[in-house]
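The same chain A turns up in both complexes below, where it pairs with chain B and then with chain C.
Take a look at the complex of A and B:
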């Protein structure tokens, strides 16, 4: 018998083991839901599977009675645009300022302490200020995401740039590279896969800020909907929305990982996360 | 007039004297191997030639002017590791120098300029025996192949001076012999002036035109940092004999032990 740290599940077994906890959770839910509904058929806390199907049918495949929109898709579109704008702008800012701070000591000296300071401000605390400055429309919500994740991204990118071995920067100079060329040919390409990795981690916070902003001031969006129907204790809508958000988050993360593996094979075989996740 | 003059060079870190009173003259085309106990300041000396460390006192003159105090294409370097770019294939690692030279804005070449650079890089890679590996990334190469790549990459910009810091330290003896042949060939072909650090005294007796031994002539057991290393031997290679080899070997070992004791105390 091998030691347990050396025992590896085979492909089929691995899939089965991965599905098992989900199946157990589902079973547990169905059992609990059945028990509650048997007590009180009007219970709203743990709706039956059928109620979910009805809610999904109503939200995703039938036009809303008042607006005529297919609400789930409208909400999804609005939220994804906000998320994409917020995360995209943050990533660009993180890349630009991270490289600037990491590569140029005279930029780092004034900017690095400032970024550290900004990163410590709790973004939710300044949400009212954002609403006052940017109004209640799209800009404020996108700004919350940007303010929430950019400082950390800048700090992370700066750190990654500083981790590039000094030997490489010296080497490039002995090949005649200017500061600009070093940034373009040595620093930037090595930092891009690290940016993708940081963005993947930052997405969790980005979703948090998005849903918070939508809950407080919005007329559509996934977060808005959840907080709206909470008033009617509509668990049959809330739970599918939560699972849908989770799925979206999962596929965005997976997509970014695949893009990274495909674009930067040298990075992933170096860090050894080429294949399995 | 000598090509490089080293005048009363000192290097100190805080209260530790690393190098003291180094004086030497180097002619164009000299191939100098440097040996010395671990921690005696060989890399520090090379960094001053490279321009990434500055002398505490004294000066290094290159063609009678102070040597530039930042790295330049005049002085190529091969470090013990981290010398090649992990995000570029073998071919692109070597082409990079040409791209930097001819494309100041983008650092990238296109069309016929790119083809010319590629041909040149391929010729250089053939000399170091990496033709079969041009599409590989550095992490897919063995240690010896990476060092050969680093040498090819340094030489394509045609530096006047080549600095090698234990470039073959991690390689096994068979490959090392091949690498020696390669370096000697390239040295003659490109009329380089080479400084090569090695921790293998035999290598120093074998390669190049001059052997420098860095050693501390004085020790103070109470204050191990009080005295620095100097060039204790400057021997033309090929004119030395077995007994000299043994003598230097012995002295370096004594220094090494004294340094270890100093550090332990």
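Take a look at the complex of A and C:
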């Protein structure tokens, strides 16, 4: 008999097994929802599937009665712009300062302890200070994301630069490369795929800070809508929004992974996740 | 395999448990729980629970009542609506838009007070409400602040279209007002008094200009109350004993107010300043008179219209009267869908000394 660690599910079985937990969750939900609705047809805590369909129809495909906007798309647009700006700027800063700290000891000496210190401050704890410095508008929301994820990105990039084998740097120098050339031709290409990997991991926190920023003061956005309708327990709107956010996050992550695989095949053949998944 | 079987058997049990959890049942029971959150008009519940007054009255009727503090106001109402508590403190507007709109038939058992200046509109630099035109206004959207703003705007011939409402968490409003971007806010005490201590801030409208419209209640599940009148009697009995104690101008009354001040994070002077802008109904007589007045019905009509205009009554609502509100002066809205009841009968019992 085959040992269990050697038993591999076939392709079809694999899909089925992957879907099974989701189906069970759905079943669990429907059962619980039906039980509550039988008790109180107006129950808002666990709405029926039909209510979700109505809510999605209303939020995504009908103009809002008051503003005339298609709320889901307006919210998605504003949130994605904030997230894109926040994560984009953080990634650039992470790359620049990471390389600077990693490659130049005289930059690392003053900056590295500071970045470590900054990365340990919980951004939510200094919200009132952030408000006073950055105001309450779009800038503040983007800044919260940046402050939340940049220090960790810088630290990670610095570490990756330091991991580049010393032999490579020595070799480049014996070939006559200047510091600038080494940074540009040896360090940067090796760091870029690692930056994408770090950004993928940082996206989770970025979403967290985005939703928090939108919950605090906002006029639109996915987090804004969730916290607004929470005031009247509209779970029929909240749950589809949560699933939508999850899907968006999944596709952004998937997109970044694909970009990384196309642009840096050598990196993925090294780490063993090249192209297959 | 055995584990899988176990899981298959346990899953439906878990579903059932999830479904049953917290649905307040209507049958006769012995133990009840109510929740409250920090607000000047609800601090007496804390005092009553800590000093054993609630327990004394519960014992008298042979039941047990658990009084639970919840830190987040909206969360406390949501928990009540979900069925985790038999009663909860809330305003008249939230009682209509959260539990009643959520199909939970609710009864305003005790009408405790109304805001008489506790909620206000504050402008930076400007001195009159009409100056709010064109500004961004930071407030907790869809809350009583929003309602107050709407009523204020009506009084100066403006509407919400003339300004931009920015939803802002109450926890951050004070910090927000300190930033240059924020020029106007609508909020409640103790945040309101905190903001008014800042330079250049002017209160241009407050709830004393719409007296009796923002009402603070103890709301209980109607079915639970119907099956357990003892629950209502014990709560009302305890409430008016607490009221008598805290309103007395003697050492005991002062101690009670000091206790509540401390529990709400302020001192006696601060708490009494908040009490001054709150019209407390210290006696059952005042509360019954207010609850049986015709004005209450008119107020609920305003509130229902505001709620309907902002989509708070749900999508099934065809008009502001979708949810019936029963008051002593008559019914407002649909008689087929009565979900909020102002019932003065228990307070009347307290007035008649029948508890």
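Operating definition for what follows: the second predicted complex is superposed on the first by the 274 of 277 C-alpha atoms of A that agree within 3 Å, B and C clash if a C-alpha of one lies under 4 Å from a C-alpha of the other, contacts with A are read in each partner's own complex, and residues count from 1 in each chain.
Just so it is clear, contacts are C-beta pairs under 8 Å (C-beta built on N, C-alpha and C of every residue); 3 or more make two chains touch, one makes a residue touch a chain.
Values in this document were obtained by computation on a predicted structure and should not be read as measured data.
Colleague: Following the overlay on chain A, give me a clash-or-fit verdict for chain B and chain C.
Modeller: fit
Colleague: Touch check for A:136: first (chain B), second (chain C), both, or neither?
Modeller: The answer is second: A:136 touches chain C but not chain B.
Colleague: Give one of first, second, both or neither to describe whether A:176 is in contact with chain B, with chain C, with both, or with none.
Modeller: The first partner, chain B, only.
Colleague: Answer with first, second, both or neither: which of chain B and chain C does A:243 touch in the superposed model?
Modeller: neither
Colleague: Touching A:39, do we find chain B (first), chain C (second), both, or neither?
Modeller: Second partner only, chain C.
Colleague: What is the value, to the nearest 10 degrees, of the angle subtended at the Cα centroid of chain A by the Cα centroids of chain B and chain C?
Modeller: Given the fit on chain A C-alpha atoms, the answer is 150 degrees.
Colleague: In this superposed model, does chain C or chain B come into contact with more residues of chain A?
Modeller: If we count touched residues of chain A for both partners, the winner is C.
Colleague: Would you check which partner chain A:168 touches, where first means chain B only, second means chain C only, and both and neither mean what they say?
Modeller: First partner only, chain B.
Colleague: Touch check for A:49: first (chain B), second (chain C), both, or neither?
Modeller: A:49: touches no partner chain.
Colleague: For A:190, decide between first (touching chain B), second (touching chain C), both and neither.
Modeller: First partner only, chain B.
Colleague: Nearest CA pair across chain B and chain C in the overlay: distance in Å?
Modeller: The answer is 44 Å, the least C-alpha separation in the overlay.
Colleague: Please report the chain A residues shared by its interface with chain B and its interface with chain C.
Modeller: none
Colleague: Note which residues of chain A are touching chain C in the complex, please.
Modeller: Listed in rising order, the residues are 24, 27-28, 31-36, 39-45, 54-55, 58, 65-66, 127-128, 131-132, 135-137, 215-219, 224, 227-228, 230-233.
Colleague: Could you please specify the touching residues of chain C with respect to chain A in the complex?
Modeller: The touching residues are 11-12, 14-16, 18-20, 23, 74, 78, 81-82, 97-98, 101-104, 138, 140-143, 164-169, 172, 175-176, 178-182, 310-312, 315, 339.
Colleague: Inside the complex, what are the residues of chain A that reach chain B?
Modeller: 165, 167-168, 170-178, 180-181, 184-186, 189-190, 264-267, 269-270
Colleague: Contact residues on chain B for chain A in the complex?
Modeller: Residues of chain B touching chain A: 50, 52, 70-73, 75-77, 79, 81-87, 96-97, 99-101, 104-108, 137-140, 153-154, 157, 159.
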